[in-house]
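Next, two complexes with subunit A in common: one pairs it with subunit B, the other with subunit C.
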Partner chain A sequence: MPAEPPAATAVPDVLDGDIAAFVVERFLPGVDAGELDPDYDLLATAVIDSLGILHIAAWLEQRYGIVLPDADLAGRNFRTVAAIRAVAERAARGEGGA
Partner chain B sequence: MGSSTVELGIVSTGTAFGERRSVAETAADYVPDPEAVLALGYTSYHRAAGGTTATRLAADASREALEMAGLDIGEVDLIVLGNSDVPEYLGWDPSAALARELGSRETPTVLLAQSCAAWSVALDHAAGAMALSPETGTVLVVLVNVVSEAHTNRMEFNGSIASDGAVAAVLRRDHPRLRRLSSARTTNPEYADLFRIEYGGAAAPLPPQGSADLVVDPMARVYRHFGRDPERFQGFMREIGDRLAAVVGTALARAGRERGELARVIHLNDSRQAIANAAEALGIPLDRTNARLAAELGHMGAADQLVCLWKHIERGELAKGDLVALVGVAAPGMHWFCTLIEI
Partner chain C sequence: MSPSFVEAFARHAADRPGAPALVWEDRPVGYAELYALACRARAQVEAAVPDDGRPVGLRVRKSPETVALVLGCLLAGRSFLLPSHELPDAPFGELCRQAGCSAVLSTLPGPLVDVVVDPHTGPATPAGHPGGGPGGLPLPRRTAEDAPGFLLTTSGSTGLPKVVPLPYGAVTRFSGWVGETFRVGPGTAVLNYAPLNFDISLLDVWSTLACGGTAVLVDPERATVPRHLREQIVRHRVSVVQGVPLLFRLLLETAEQGPLEGPEHVVFAGDAMPGRLLDELPRLLPGARWYNNYGCTETNNSFLHEVDRTLPVTAPLPIGRPLPGVEWLITGGDGRALHGPGSGELLVSTPFQTAGYANAASGERFGPHPDGVAGRVYYRTGDLATREADGTVRLVGRQDFLVKVRGFQVSTQSVEGVLLEHPEVVEAAVVALPDPVAGHRLHARIRLTGPGAAGVLALRQHCAQRSARAAVPAVIETVREPLPRTSTGKVDRNRIREQLLAAGG
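Presenting the complex of A and B:
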């Protein structure tokens, strides 16, 4: 009997706006999430530090069920909203940790 | 440890550094995200030229300190070496190699390998040796750090930039300047595995296929230790400051001094934010720390505190009678240290 093809795994849509809302709520109180440019450097401006990385990783897991591999818990993956979305999407596709 | 039962002070200091390099110009050679490294606040660091060993740097610093003190190596009663990075060889004694390099024939040597904590232990060991033996009057304390780039990425070094340098200090019994007044330390062994070098030791002599010490950012192992739980990690960050304040308080009490008397706190050459956190924990302004020097020098392992002490004196930023706290947090360990010096 031929093997059945594996069921397609749903990859959640990770939205810049969603990430921006969390970053603003957690690290930039008083700022409008809509004003946070997806390419704004959160590391260089000290918005995100090592603790912030863990907070965002935990939130991605709670919000989207995405578990980032240990190797992805590096500053470069959390430097901007766009970088956070990219690392989350890679992990959701099973391509994280590269 | 504790208040001195002997009086001793630093007679002279010598330093030797690797080549000075710009962080902005070289970070991309080490990491794919140089902006993240620049955000640590360092402007430069030192890198030993190919073939320049830790023993060579330690010897250069030692010769300068001995020359400044007008001493021959034969007049030194004890050599104490702290080596805070991977030594040139396993199963080898860098302190004996240093003594040989300096032309010593019989001076006893001691090696301290407690990473970035070795400076404080070395000063304590010198004080202890003088207390135990009246014949021990002059001790050469040497701290050296040369990063093994095969084992460690100097730009991903526990949140700092690792730098190559050595400092040597001639300590003499009853010397009235740069007096060591007291010390204190504490260790939390829960963190014994944090920041260890994974491969090369007896437990794992070689990395498994496809892996290496340089593959995973050491911070990822730290996050794993705390179950990637932000609250536990935050507790760890708080503990760093709390324990630092505790050892400083203990050292001050042992010397019969007050925190308000501190003219300067010299922390390990950590990132700008880490030194700011330490200053806040100790309740002193950032401009009375070594933050500016740290940004110029990089983290020279166990050599940081004595290098910066000497640099602050050279720059006229410390005067006779000033009270200085040399402090640090060292991993693996983890250890928290404070040694009080009166200029």
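Presenting the complex of A and C:
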């Protein structure tokens, strides 16, 4: 069962390391999370596809209670670990949909 | 009627009885000696298995005696099934049944063997046979050009192989082309690396004997020992080397002993030569002419490309030009012939081809020209080819290797090619596994030059820089042990696929 999302007022601290650990565990078995550079292109290298984007969005909700608006579920926001952190932080601050 | 390839062999036995026909374990077998062995084998075949029009099955490993048994069948004008000796009892028996074999013959007793033929004993001229041939021995029986002789098998890796009957005339025409193209004649030694049942032995062994050359037989037991292979080439002054990429990879391991100066013609056969191998080959075979050979069991060779060594050599090599008498076309998506540049399935019609399978329906594979040009039967090769603007024809891959990944058509072979371009990748196999969402997902299994020589992330980037996203494997698995290979030396993708499916994908 997903954890109860934290209160909306708290802006969670989204970490690159957390995201990298999830991406590696889910999509790159056998790779050390430390090897995954925050700017590594996950889309071009087919690590994640559109289904993968949904998996990551679900995980962001479960892990941080961050719900991404549909408009943010676009490839450009999931291209790298850094991009995923950025879109999550924007959504957490209520600036989603950019 | 011009002499058949069997009659040509008999003529060499008459004209140059002492010339070496075979070399086996460093010992030459002269033409007259081999002809006598073949006549004894023929006499025993004819005595034990009367000719009722049905083929005999041969269960043989390569040796001078088994070459003599095949020649004995040919002298008798018989047809004979020649499957891999590695085929287990059950499929071997089933194959013989499907081909309608009347008996199974070998030079040694064994399972399923009905008749043991010993070419070293018995009369070479049985009562009732007129002599008149080499050394007073019988002449070959005359055969119709369209009468089947060799019944070879396809290398079908799933299920039973298909039986491919090759008419006597087809092999005669082929041996003529071999003699002209590679200048095979008296004094020419040709390496025979492949097992006898392989179609490429039609060049190495049977065409060589028809041309009066010397077939240097590599013992399959020692076929993976680089030093042994090199010794055979050097010691027996081999001038024509034909083989699968594995042969050249093995020979390269001896390159520190210096280049091989003897071979004049080097023929790549059976599989695409990887770029890495081509890059390294000049230091082993600097002086030879290199050819890329394209053919299949059903049609024998249809294209030949001579590599221009003055230009940079890049993989994949073109398949080059059609052999004399070969007609070909590439079909587009609508099944009609493409004119001008484009890609599609390659269809060929050769003077060397079978009339159809003996144990399977031929209608799917053999048929008339798709645009209705009458008169010839074309074989659908299942190979995808591209004709470039300058007329160069290249193979893109097997149609069987085409899969759809998220709606995109991907050739698993071309993905392997991309992986093999990475300097740290030694071997690569890419298989498509069923995927409920994507249709297929690609699983790559690779072996690197050393553990950790390249990371999965770097390899993914390598692929992404060179191919569409759908062609980047979903999983890149690195292993330390060599990839499994088939008896022909090709990476055994089916085995890998089965392992992955058994492990739950």
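Some observations on this one:
We take it that the second predicted complex is superposed on the first by the 90 of 98 C-alpha atoms of A that agree within 3 Å, B and C clash if a C-alpha of one lies under 4 Å from a C-alpha of the other, contacts with A are read in each partner's own complex, and residues count from 1 in each chain.
The rule we apply is simple: a residue touches a chain if its C-beta (ideal position, glycine included) is under 8 Å from a C-beta of that chain, and two chains touch if they have at least 3 such contacts.
In this text, all values refer to a predicted model and were calculated from it rather than measured experimentally.
Partners subunit B and subunit C clash in the overlay (superposition on subunit A). Judged by the touch definition given at the top, the superposed model places A:35 against subunit C, while subunit B stays out of reach.
Contacts of A:57 after superposition: subunit B is touched, whereas subunit C is not reached. In the superposition on chain A, A:49 contacts both subunit B and subunit C. After overlaying the two complexes on the shared chain, residue contacts for A:73 are found with subunit B alone; subunit C is out of touch. Once both structures are placed on chain A, subunit A residues 41, 43-44, 46, 49, 51 are touched by subunit B and, in the other complex, by subunit C.
For subunit C in complex with subunit A, the residues that touch the partner chain are 406, 437-438, 455-457, 460-461, 463-464, 469-470, 472-475, 477. Interface residues of subunit B, counted against subunit A in their complex, comprise 31-33, 35-36, 38-39, 159, 215-217, 219-221, 223-224, 226, 228-230, 233-234, 237, 273. In the complex of the two chains, the subunit A residues touching subunit C come out as 28-31, 35-37, 40-41, 43-47, 49, 51. Chain contact summary for the complex, subunit A toward subunit B: residues 41, 43-44, 46, 49-51, 53-55, 57-58, 70-71, 73-76, 79.
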